[in-house]
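Written out below as structure tokens is the structure these notes cover.
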Amino acid sequence: MNLLLKEIRFNPLLWMLVFVPAVLLGEELAPSSHTLLFILAVLAIVPLAGLLSHATEAVAEKTGDAIGGLLNATLGNLTELIIAITALHAGEYMLVKASIAGAIVTNSLFMLGASFLLGGLRYHVQEYNRAGGRLYSALLLMATIALLAPGAVADVDLAQGELMAQKLSTGLSILLIAAYGLGLLFSLRTHKELFDSKDKGEAHAQTWPLGLAIITLIVVTVMVAWVSEIFVSSVQKAGESLGISPAFVGFIVVALVGAAAEMTVAFSAARKNRLDMSVSIALGSASQIALFVAPVLVLLSYLVGPKPMDLQFWPGAVTMTMISAVTACFITNSGRSAWFIGALLVFIYAVFAMTLYVVPPGSHAPL
Amino acid sequence: MNLLLKEIRFNPLLWMLVFVPAVLLGEELAPSSHTLLFILAVLAIVPLAGLLSHATEAVAEKTGDAIGGLLNATLGNLTELIIAITALHAGEYMLVKASIAGAIVTNSLFMLGASFLLGGLRYHVQEYNRAGGRLYSALLLMATIALLAPGAVADVDLAQGELMAQKLSTGLSILLIAAYGLGLLFSLRTHKELFDSKDKGEAHAQTWPLGLAIITLIVVTVMVAWVSEIFVSSVQKAGESLGISPAFVGFIVVALVGAAAEMTVAFSAARKNRLDMSVSIALGSASQIALFVAPVLVLLSYLVGPKPMDLQFWPGAVTMTMISAVTACFITNSGRSAWFIGALLVFIYAVFAMTLYVVPPGSHAPL
Amino acid sequence: MNLLLKEIRFNPLLWMLVFVPAVLLGEELAPSSHTLLFILAVLAIVPLAGLLSHATEAVAEKTGDAIGGLLNATLGNLTELIIAITALHAGEYMLVKASIAGAIVTNSLFMLGASFLLGGLRYHVQEYNRAGGRLYSALLLMATIALLAPGAVADVDLAQGELMAQKLSTGLSILLIAAYGLGLLFSLRTHKELFDSKDKGEAHAQTWPLGLAIITLIVVTVMVAWVSEIFVSSVQKAGESLGISPAFVGFIVVALVGAAAEMTVAFSAARKNRLDMSVSIALGSASQIALFVAPVLVLLSYLVGPKPMDLQFWPGAVTMTMISAVTACFITNSGRSAWFIGALLVFIYAVFAMTLYVVPPGSHAPL
């Protein structure tokens, strides 16, 4: 418990935990102040996501390489998953899809770019492991293609094609999860030396005991679910009064909030000239969204949602996600970085955000 | 003749030659069992394609480097060409176009990916000639762009634009064939050292005499044409009863069948750690389809088909082919491979196949 | 003055200056011979553009590294800018947009390709600085994405979305110019060693005095503006009688004419085996169009044009420009070149030109 408090004391991000009781109290006292609740929920999820990934890592460290790697890989995007499941339950399909596509774009453009930018402001030119960067970006590219291809390829007429799209999405989800399993086999078993990063452990000189870690994991998961519910139920009304569309909230806000914890790790690694770690966090997380989180959501939609969800994204989302993956591939190909490369990645992200803010996808887009 | 029989005895693929009389007999006895004839024709084309490429190589070896290279390059996709001409003659334009796009996708995703996968299951990490891989993938990328750009760029309204599309396709076909000629000049004359592969000859310790090779070439070509006719005439009815669209048959079945012989060579090279050869067969063949087979079919359509064929592919085909070419470029860029890279390529192919199976291109797609 | 005449005597391109009085005289004597005036104007702009870039370089050399670099970077595409402003003033939006997209495509496919081709005809294999090539092509790719993404992403319904598109374009233009400023900071200040080319100065053993250079700059700018006016006012009627669309004129003719001067420099560098210089001229110029010329035109359209211009390009232009940028990235990635690579780039350019000539964008394309 002392350790947990110490962690909180030294990690400014966790001071934001104060917003957790605030949002719960807000829900009690002013259940109709949607905008306030929305903002409080966003602020509360950030530190919870941070705790969640700390706890996951702690459990992973204690349980040995193989199971630990599996845990890290599976629960790494737990926050995004919980928010998306809550949105699924509420039937907010546009929010779910936007948060899937947005998480890929945010991780591969903003997280990667800001890491390059922050690292580059301190170091003139930074080098990182080309082989690792390439492997991750190849994984990301192919995961993205597999996720988006149906939407780009299939010319489904919505009126008569909903059943088709559903059938296709279910089949593809099973394929994607199988590929994800093979990827784990590859990165944790047969070729784990390619993914090894010497730096990884150093960050935590002192690790939590297993019991504390597991309890934290469970408690925080429940709290994230709770706050997510407030978030999802307030998002539409809050969006209306703030003048932002569900697509923008999902694509930009949920993605930034869900990834905030990983971002602080990636950015601090970049500032310490450990770009290998930043690249693997950013691109690893993006490919996990495509290969694991998205298909799991499709399969869960049969149990959780009012109706099954498919993998048809609106055309703009397909374009943005594809561009992000291809750009990440080009950029990481060289194994070198300077501040301007990072600035340009962040800048493309800003272009996308601005486009989505000014021109939200029309109501005729497939939900 | 002994040599031919010996080849057949030691090459299990050629045992399938038994399906050639079977399909001819089937056509005689049960001309209306379309599904049976379709399956028998598919099974018969595989070994014929194998014999055809053996014979082409044998003639090429005897006629010296320059003419031999030209022969190999021109007749390398003879099977695909014959099937496509037969389909052209029958007016099955969707089948022809699907088989062009499908051959590019199948060669650059499935043949390349399965080579990486099969090689990677035996060797931990495989290296291959980066320069060669890059040259081939650049060639493929540009061939694909040239082939597909019109369909992606031109916004032809079908009602009034058919003449335009026709004019454009003819002009482009002439351009493509000119580029193909320059490519031969480059790879066989001015820069042939870049394409040299020491391994190439070794596979055939014992070569056929020229007479046998030429006779085999002619006889097998006639037989392929004969079986193709049965194949094309049965495909539509068989497709209906098996529940598969002409687009799927062309894109997946014809492409796999036509390339079966080359695949066995590419796969066995990969298993012997000669990835250079696998890469050059897969990507060389894909670029040949785009630069030579496709424009030849357009020009032949004036003589053979009921009406001229254009190069407008349905949007999904353009997307899949572009994605395949870009992916092949990224993958071969590194000059290294492991089993999972191959698995992911095969997996993208499976995604495309599944999409095409579940959601065939609509009837509103340009034929 | 002597220097100026000497320059003219030894530079065959400048002999074409004779077309300047010819077109001005033509306008006086036969103001309705649109086709003649159009051709004379095209021929007159080529040498003027050449003089303009000579004068810019001379001023840049005299004013020291920092300001000189800024001048070179800003005025490098002055000819394109003047022509586009004239067209903007005349309300010829399709011509302006086509010339923006066309300049990117022409520089990154034709100028780069012809440099490789011309260099490759003299040298068997040419090597160039990979780091520089990569930096420039990454810059180009990201500039292109930023410029085109809105058009590809936003699904604006023209009837009700014009205001939206306008708002978005203005916001993006400010972002693009900010990125351009950061790029100058990067290439002229913080990381200028990456962009240094030893060869650059050698071309001009003898430089102009500052006074002559500035006077030439001003006088020639006025003359380009004058001839541009004749060009723009004759283009539509001339296009009709020659059977070519405004899109083709902007995309191909304006782009080739505006870049003619830089092309002669890039080509002669390639013939001297200084491909670094050719690559940096071609791709640097293409990214400048996207990051500087295009947004400046949008902002100027509020002052100059009959109504504000947006950044919505017709879909074919988006596709062609994206393909060009991606292709340039792939090609320059290797740092090696041979004649066929150049031939293929030129050939893709020919494919685009032919497509645009036969199938001009329909009247339903967004202007």
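By letter and in written order, the chains are A, B and C; residue numbering begins at 1 in each of them.
FYI, a contact is a pair of C-beta atoms (placed from the backbone, for glycine too) under 8 Å apart; a residue touches a chain by one contact, two chains touch by 3 or more.
Note that the structure is predicted; figures quoted are calculated from it, not measured.
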*Interface residue identity across copies chain B, chain C - same or different by half*: different
*By how many degrees does chain A turn when fitted onto chain C using C-alpha atoms, rounded in steps of 5?*
120
*Can you give the whole-Å distance between the Cα centres of chain B and chain C?*
40
_Two-or-more-chain contact residues of chain C, please, as numbers and ranges._
326, 333
*Where on chain A does chain B make contact in their complex?*
131, 134, 138-139, 141-142, 145-146, 149-150, 152-157, 161, 164-165, 167-168, 171-172, 175, 179, 182-183, 186, 190-191, 194, 326, 329, 333
_Footprint of chain C on chain A - complex, ascending_ = 124-125, 314-316, 319-320, 323, 326-327, 330-331, 333-334, 336, 338-341, 343-345, 347-348, 350-352, 354-356, 358-359, 361-362, 365
